[in-house]
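Two complexes come next, and they have one chain in common, chain A, joined by chain B in the first and chain C in the second.
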Partner chain A sequence: MDFYLNLINTIGIHTMLGLSAYLLLQTGQLSLAQAGFFAVGAYTAAILTVIFQWNIIPAVLAAMLLAGFLAFLVGFPALRVKGLMLVVATIAFSEFVRMFFYNLKWRVTRDGEEIGPDGTMGFAEIRYFSDNGWSNLDVTLFLWTFVIIIMVVVWWSDNTRAGAVLRAVGEDELAASSVGINLTIIKVSAMTVGGFIAGLSGGLYAHQVTSLDHHSFTVLLGTFAIAYPILGGLSNVFGTLVAVIFIQGLLVEGLRFIGDWRMILFGLLIVLAMNFKPLGLFDKQTVSMVKRAMRLKT
Partner chain B sequence: MDEFFFEVVEITQSVWDGILFGSTYALIGIGFTLIFGAMGKLNMAYAGAAIAGAYVGLAVSMLFDAPIILVFVASALVSTMMGYLIYQTCFRFIPTHNHLAALMASVGGLFLIDEVIVHATRGSPLNFPAIFEDAYFEMGPFGIRGDLLFVFFIGLVSTVVLLYVLFRTRLGIATRAVAQQDVAAQLCGINVHNTNSITFSIAGLLGGIAGAMTAAAVGVLSPVMILPLTIKGLIVTVIGGLGSIPGAIIAGLFVGGLENLFLYVRGIDERDMYVVALLFIFLVFRPNGLFSKTITRD
Partner chain C sequence: MLKIKSISKHFGGVKALNGLDLEVEEGVIYGVIGPNGSGKSTLINVICGIFPPNKGDVIFQGQSLSGKPTHQRSKTGIARTFQNIRLFPSLTVWQNLWVARNSVEDINTESRFYRWFGKSNIVKKEIKEMLEFSNLENRADELASSLAFGEQRRLELARAVATKPRILLLDEPAAGMNKDEIRDLDSRIRNLQLQGITIILIEHVMELVMGVTDRIAVLNFGSKIAEGNPQEIQKNEAVQEAYLGYSEDD
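And then the complex of A and B:
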């Protein structure tokens, strides 16, 4: 049971990570910086609960705000860099954040033992959940409350004018600005909100895994973050969720059926998926097909 | 006074070694820039193909107990074929305007190559033979490593041959034509897909040489080399200017030298942070890199 709860937690966290990249991709900004904001959220929340003994909710919210603020700062220089150069710049940013935390050493002695991030040794002992008597099910419900809130927010954005504005900027900047959309405000806002979501999921992640290691925050994580919305399709929130379930399910559960070959299959599946469905699994065609099928049944 | 002189000698030695090693970064940068110039897309699987080529070259030398030069030739040839394969599987069938799908597909290709290598070698690093490892020239207080000099020499020869092919042969004209304006090139009777495949193959050749040279200079071959090589290659490409070959060369040597300087001054933990900071400085002051595109429209 614990194993499945763990899987469900991972799916929740990765869904939020994917959704943070989803909003940015809609505006046409291909950002691999989500891993960086995720890392900032994780370390901030962990430092707040471990070193400063904060309660979990304010810690996670503070982590969210800090990551969002960092994203806001990143959003402005990101405007200067177009297209694929933004990919490289955000990869570099994520690596910089990762290396910053790799070198961060802030040890505090409390009750006779040393706690806090220990530079190259990582940040262990993030024991808020176990110290406060949370069961595994409590953790899962807590986590998924946030996931559902974020999913509702993004779904709402998709179905109102906000989503239309984001997509307009993504499809054609010149046309969008000619109808009066302020490109700077929209793109920086998208980056900031993406940072909020990534920071939130990072803060939750830190407490769920109880120990942070810089290896978790490499470009690979950033790649996963954009893989979910691209594979799932940029037209629908559920596409990202399905992509996360599929990929995480394959990576974790696939161990039973295909063993070590699951990672090879993973790469192969991505290549095949992009060749056959370049707009993602849940592109507009598929979504309307599903809707039509559902209408025929009722 | 002696101390100061010693420091200066040490720093100059580091920078000089770095510049020689930077020729590998220059080759990787040229590969990325060629593909970007031709198709406007990034091939994230590029360093993977380069290292995979080095692995096969090593396997060939272990199977046949052949002279070392065969290792390098085999690596280059295998990477050429992999470059061709990557084009066919990740880029050929995806619509030209869809950058996300091509990027994602090449990321999938990168995962695939990485996992196949890990599977084949069971994750353990292998020793890679060095060329001229005993050669060491002394010039006053400075020493020049023979193997690094050979690496630099091979890089130089490869670049000269590449420039000859690009600017003095019909194939080169076709490549540059497709890079400038692929529709017009098609109207002139140039087969765009064939030309792109050849561009990818040439890039693969350069990558294979770079991969073999990197492994020879470091002495070890391991899949963990793929990601840092990708990131450094991308940084070099962006600093040099996407689409510019001279830019990639100069940026490669520049990054190589500075990297060693950072290593000497701040140590291995912080070295990469400064390389990334260098990229950010360039993006702020020269977002188009040192040179803008030379193989596409000016």
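And then the complex of A and C:
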């Protein structure tokens, strides 16, 4: 049972991470900085509950705000680089964040034992849930409440004018600015909101895994973050969820027995997906095909 | 309303615009013609702020546009269409117009938040009217990329008008059109003039330019070689030789 709850938690966390990149990708910004904002959210929330004994909800919300603010700051220089250079710049940012936390040593003694981030030894003992008597099921429901909220909010915003403007900017910046859209405001806003969401999911992640290690926040995580919405399609929030279930559920867990061959299979699947479904699994064509099929059935 | 003051723009060694002077009065349909490479598209790009001029200034309604970015110029009332259509292909027809309907006037009728996240009845009514004007009501929920060529041109025009401009710059809107479509475009342009929009028409298709414009400027090598009403331009010898390809003696 615990194994499945763990998997469901991972899917939830990664879905939120994917959605944080989803908005950015819609504006045409290919950013691998989500792992950095995720890390900031994770360590901030954990430090607040462990060292400052905060309640989980304000801790996670504060982590979200800090990550979002950092994303806002990153958003401006990000405007000056495009395409591949933005990928490189955001990788550099995420690595910087990871190295910062790798070196962060902030030990505090409480009740006779030392707690807090311990530099290269990582940050263990994030025991908020167990200290407060939460069962594993409680944790899963708590986490997924946030996931559902974020999914609903992003799905709703996709259908507003703001959602259309985001995608317009991603498709054609020249045309967008010609109809009065301020590209700077849109792109920095997308980066900031992406930072909020990534920070939120990081804060939840830290308490769910109970110990943080810098290995969790590498470029690979940033790549996963953008892979989910790209695979799932940028027109639909559910695409990202399906992509996460597919990658985490099927590939990572289900094919664990294949061992290292998994990476080869992973790469092969990405190549196939790009070839046959370049707009993602849930592109507009597929969605309208499914809609038509459902109408025919009734 | 719009004054082009001695604009020069060069790209490396190529002088696209060379000391160009134009003045467009409010309410006219002003044609700009000239051979390929005479600087017509560069002129639109300079007016819209895509390239800053090397020399000279663009004055709109008495105020210099110097230093203003493209989106701000759109907000002051300058709209344009593109020579090769630049719609938002993955958005629907309705969404293409919705994105553009962003003019400053709306701040008084709707709050800022509502403009981004709401869909008021005013918005729905206005977009519906624009769709009807463009004969695109039935295509409202179709992706822009699935439209036929003529429909895409009409949508491109409608989207520019959706920004509620004072002046509209049309960059070769008749390219690729057949006679019926050109006649349709002619009546649309006249209709927009009646709605109070000043129009600058950059075109190669002579029957449209001569038929619909009040005044024409002829460019060659980045500067103005003639200006006048359509009859005067057709009779102008310098224009005939440089561009229209015939002279009275032929």
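Keep this in mind: the second predicted complex is superposed on the first by the 286 of 298 C-alpha atoms of A that agree within 3 Å, B and C clash if a C-alpha of one lies under 4 Å from a C-alpha of the other, contacts with A are read in each partner's own complex, and residues count from 1 in each chain.
One rule holds in what follows: a contact is a pair of C-beta atoms (placed from the backbone, for glycine too) under 8 Å apart; a residue touches a chain by one contact, two chains touch by 3 or more.
Please read all numbers here as calculations on a predicted model, not as lab measurements.
Using the contact criterion defined above for the overlaid structures, shared-chain residue A:Phe96 touches chain B, although it does not reach chain C. Which of chain B and chain C touches more residues of chain A is settled by the count: it is B. Contacts of A:Asp172 after superposition on the shared chain: chain C is touched, whereas chain B is not. Using the contact criterion defined above for the overlaid structures, shared-chain residue A:Asn182 touches chain C, although it does not reach chain B. Of the two partner chains, neither chain B nor chain C is touched by A:Leu141. By the touch criterion defined above, A:Val108 lies against neither chain B nor chain C after alignment on the C-alpha atoms of chain A. In the superposition on chain A, contact is made by A:Ala164 with chain C only, not with chain B. Residues 157, 160-162, 164-165, 167-168, 171-172, 174-183, 235, 284 of chain A touch chain C in their complex. The part of chain B that touches chain A in the complex is made up of residues 36, 40-42, 89-90, 93-95, 98-105, 107-116, 118-119, 227, 231, 234-235, 237-238, 242, 269-270, 272-273, 276-277, 279-280, 283-284, 287. Those residues of chain C whose C-beta lies close enough to touch chain A in the complex are 48, 50, 69-71, 74-75, 79-80, 82, 86-91, 95-96, 98-100, 102-103, 115-119, 143, 159-160, 162-163.
Across the complex, chain A meets chain B through its residues 25, 30, 77, 80-81, 83-85, 87-89, 91-93, 95-96, 99-100, 102-103, 120, 218-220, 223, 226-227, 230-231, 260-261, 263-264, 266-271, 273-275, 278-279.
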